[in-house]
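As structure tokens, here come the structures.
One chain, chain A, appears in both complexes that follow, with chain B as partner in the first and chain C in the second.
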Partner chain A sequence: MRELAEKLAGRYGAREWRDQRRDLSSVTVDAQRMRDVLTWLRDEEGYVHLAFATAVDEIERKAFRLTYAVHNHGTGHGLLVHCEIDRERPVMESIHRLWGQAWTYQREMKEWYGIDFPGSPRVDEEFVLEGWEGPPMMRRDFDSLAYSDATYAERPGRETRDPAAYMKEKLYPEADA
Partner chain B sequence: MSRAKIPYVPPEERAFPDLDSGKYLVMWQGPNHPGITGNMSLRLVIEGDSVVDCETHVGYLHRGFEKLMERRLWMQNFPLVCRIAVPEPDFNEYCYAAALEELAGIEIPEKAVWLRTLSLEMIRLASFLMWIGGQAGAFGHGTIAQWSVTMRDYVLDLFEELSGGRIYHMYIIPGGVRADVPPGFLRHVLETMTVVEQNLKDIELVMFHNAVMKMRAVGLGYIPRDWVERYGITGPNARAAGVRRDLRKDRGYLAYPRLSFEPVVGTESDAFERARLRLAEMFQAIDLIRQIVDALPAEGAFRERLPNPLHWRIPAGETYVSAECTRGEYGFYVVSDGGDKPRRVAVRGPSYTHAVSVMERLVRGVNIADVAGLMVSLHTYPPEIER
Partner chain C sequence: MSDKKGKPVPLANEGLPAGERGLFCDAPPREYAPAAKIVEDFWNWARSQSLWILGFGTGCGAIELRPLMTSRYDMYRFGIQPRPTPRQSSVFVIGGYASVKTLKRIVRSYEQMMGPKFVVALGSCTINGGMYWDSYNTIKRIDQYIPVDVYIAGCMPRPEALLAGFQELKRIIRAGKAEGQNEYARNFEWYKANQKRVIKDWNMPDYNW
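Coming up: the complex of A and B.
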């Protein structure tokens, strides 16, 4: 895989190549070059399968880290291609013309993280959160417990426990605090 | 030559019919409909009795698993992950456990490797038995569903004996499996396989040599070969299109490299071919279970000792672990920042593409009576889309 790493670095300025397993590596590229990188990987290097695309909220760095997982069936090698975009103005190029299912992942990232993909089909339509009016729910500063407490009333007669404390009390009473 | 009985529509071409023209009817199929797999809706635009446009709507069973997992300890997520896919929870358990083990540098004992493989093949068979009942029912053969669900219950009996749970097993845990096989279990497995195998032969006779089934399923939902890469199609849907890919062979995880089997590959790529292929994979699963029972080590540890789960911190890193489930590539992308909870867990279910992008295109031109049969032939499962 060293050859691929060098090609990516030379052509697209890719960095932080890391071999996680014999059949899985990761690399980081600039967000502006992501579509070119994925097109090249698909058309020239045999990474024809897009397994998934998702985001990680790097709130401490005020960024979203996007991950595109592509796979080469010929070599059996998978590649996690990362890039980072600004968390305050999260916009990313769409890859819906590269893979027929990519628009769904982009629609999900728009709804869950608030990342826009201009031109992606139906990207502004609700995906799984029908009638949702809160902030994008997968952002780390969205506190789902506080939202739930503020939005829904407790049903009377139920006792609520903190799961971690309850597990410790029942299963590992001898564990250190 | 293509067996498709509907005209090919290029994937990017969407009809966008004029709904004010009075020629079309908008009809929702689901979320409560016997022909819908799970809680999902299809918004169909109908002209006469043919579908001209379709949108898949999901979210009826969104439970926020991925968000919840970021709030819970690594080990606390185990009762969550299995619930992402009800018919085959074990694939979730395996992918999550394997990802944690990889990040934490844990090797599992030999016996656990075999017991995990046994568990995955047993749930593969159980899930296919549930599917074949739905597929037969969608084409009017309700009796087959009664047979196959009974057979699935026999397999669930085995899971109850092994793990204590029928639906959610929580058997595969980081470091190995939760328990060794109980006395007499392997004999029960072999006895059950004999019964299920005989029943599958009956199902094959009744379902696959049936004129109604052939008239309705042959040519329905033809997937062109080049769609496999274009849409990320995996599993039986891809193999029926002639693509020889099976993660059990290609990735060679657990004990699969030591088992004798070849991926089942089809040629015709329609609903009938996919059903025939899955039936062959059910017989294959029975054969694999017998091989595993023969090879299972009698002695040895079945799990590694783990750190205190309340204080277990996984070293910072990321990985993607996938497995071949009944519907295709099932995977977990796990990111750790070195803390006691996941930074991010993303679940990759094969239905994500099969039930949305592929379904929306395949259903155009199909008679409304065949929509349910087409959907089941893709073996979709909405909760793994919604998570």
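Coming up: the complex of A and C.
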């Protein structure tokens, strides 16, 4: 694996190689080089399978972290390739020509995080939501509770208790804190 | 059976494209007046002995319906059995949480069921949202959108609880108090307004009959 890490670093300036398990590593590249990296991994290094692509909202760093998981069936090794894009301008290059199924993940990211993939088939269509009018709901600045309170009728009388305190009160009130 | 009101105002069906409006019913549901007591009592007894469940598991609670079919709990001994289509069903079991997307199908299926029809709401999610109390896409109480005859609390309720719930439903039906369907017809505008408030892309008939 060291060898692949060095090749990736030399060719594409990849950094932060980490062996998470014996059969799983992760690496970070620049967003502009992601497509090249994935193409090279697929065509030259045997990582022919795109397992999934997903995003994480790194709101503290004002970025979206995109992760592409590729798998090499020959060696049984999986690789997570990360990159970060600007949270204010969330646009990423589409990879649907590398892997046909990628458009599904890209459509998902468009709906859930508002990340655009220009040219990706059906990227503007609804994915799991229907008639959704709010902001992309997986962004961390979306307040789910406030939206739910404003949208859905509630039955009065619901109580919330702290589990630890309530269990102590009910089950072993004599115990010290 | 006759309708109490005069001629109802036709529904607008504004969610449908103009060319398709003629394909669907534009009459709102009607309330049914009961027959003479002795006849209605007999009918209610018959209804309670033959509860056909719509086989539509709307949420995770639907998993509790499977054991009911097996020999251990055997719901068939109570005259309860699942049916594949709303047209043949008389009981709709709301199986736990309902997302807005599912709610649309729930409304559609419920309205397609033939009367007399009853709703059993299963699990705490249908009562007050349960663990989905802060979810952006899950309604918190089902009785705002369709009428509910029996609630079964729990997360999940066990199959025994479901059987107890069905027995309760039978008791209500025999007493002639399972008025959910009439309630829906009576408060049709209110239910419809609630439904349309959360289902933003309303692209189906106003009454899916």
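Assume the second predicted complex is superposed on the first by the 154 of 177 C-alpha atoms of A that agree within 3 Å, B and C clash if a C-alpha of one lies under 4 Å from a C-alpha of the other, contacts with A are read in each partner's own complex, and residues count from 1 in each chain.
As a convention for this text, a residue touches a chain if its C-beta (ideal position, glycine included) is under 8 Å from a C-beta of that chain, and two chains touch if they have at least 3 such contacts.
Because the structure is a prediction, the values reported are computed rather than measured.
> Report for A:W99: first if it touches chain B alone, second if chain C alone, otherwise both or neither.
After superposition on chain A, A:W99 lies in contact with chain B alone.
> Considering only the touch criterion stated at the top, classify A:R22 as touching first (chain B), second (chain C), both, or neither.
Neither partner.
> Which partner does A:E154 contact after superposing on A: first (chain B), second (chain C), both, neither?
A:E154: touches chain C, not chain B.
> Which partner does A:R89 reach: the first (chain B), the second (chain C), both, or neither?
After superposition on chain A, A:R89 lies in contact with neither partner.
> Determine, under the contact definition given at the top, whether A:R2 touches first (chain B), second (chain C), both, or neither.
In the superposition, A:R2 touches no partner, neither chain B nor chain C.
> For A:K170, select first, second, both or neither according to whether it touches chain B, chain C, the two together, or no partner.
neither
> Considering only the touch criterion stated at the top, classify A:L50 as touching first (chain B), second (chain C), both, or neither.
first
> Under the stated touch criterion, which partner chain does A:E133 make contact with: chain B (first), chain C (second), both, or neither?
In the superposed model, A:E133 contacts chain C only, not chain B.
> Look at the residues of chain A and decide whether chain B or chain C touches more of them.
If we count touched residues of chain A for both partners, the winner is B.
> On chain A, what residues does chain B touch that chain C touches as well?
In chain A, positions 128-130, 137, 144-145 sit in both the chain B and chain C interfaces.
> Which stretch or stretches of chain C touch chain A in the complex?
Residues 100-101, 104, 127-129, 133-141, 144, 194, 197-202.
> Spell out the residues on chain A that touch chain B in their complex, using ranges where they run on.
20-21, 23-24, 26, 48-52, 54, 56-57, 67, 69, 73, 76, 78, 80, 99-101, 103-105, 126-130, 137-138, 140, 144-145, 163-164, 167-168, 172, 175-176
> Hey, which residues of chain B end up touching chain A in the complex?
It comes out as residues 11, 58-59, 62, 64, 66-68, 70-73, 76, 102, 227, 229-232, 245, 250-251, 308-311, 317-320, 322, 329, 331, 333, 335, 343-344, 346, 348, 352-353, 356-358, 385-386.
> Of all residues in chain A, which touch chain C in the complex?
128-134, 137, 142, 144-145, 147-148, 151-155, 157-158
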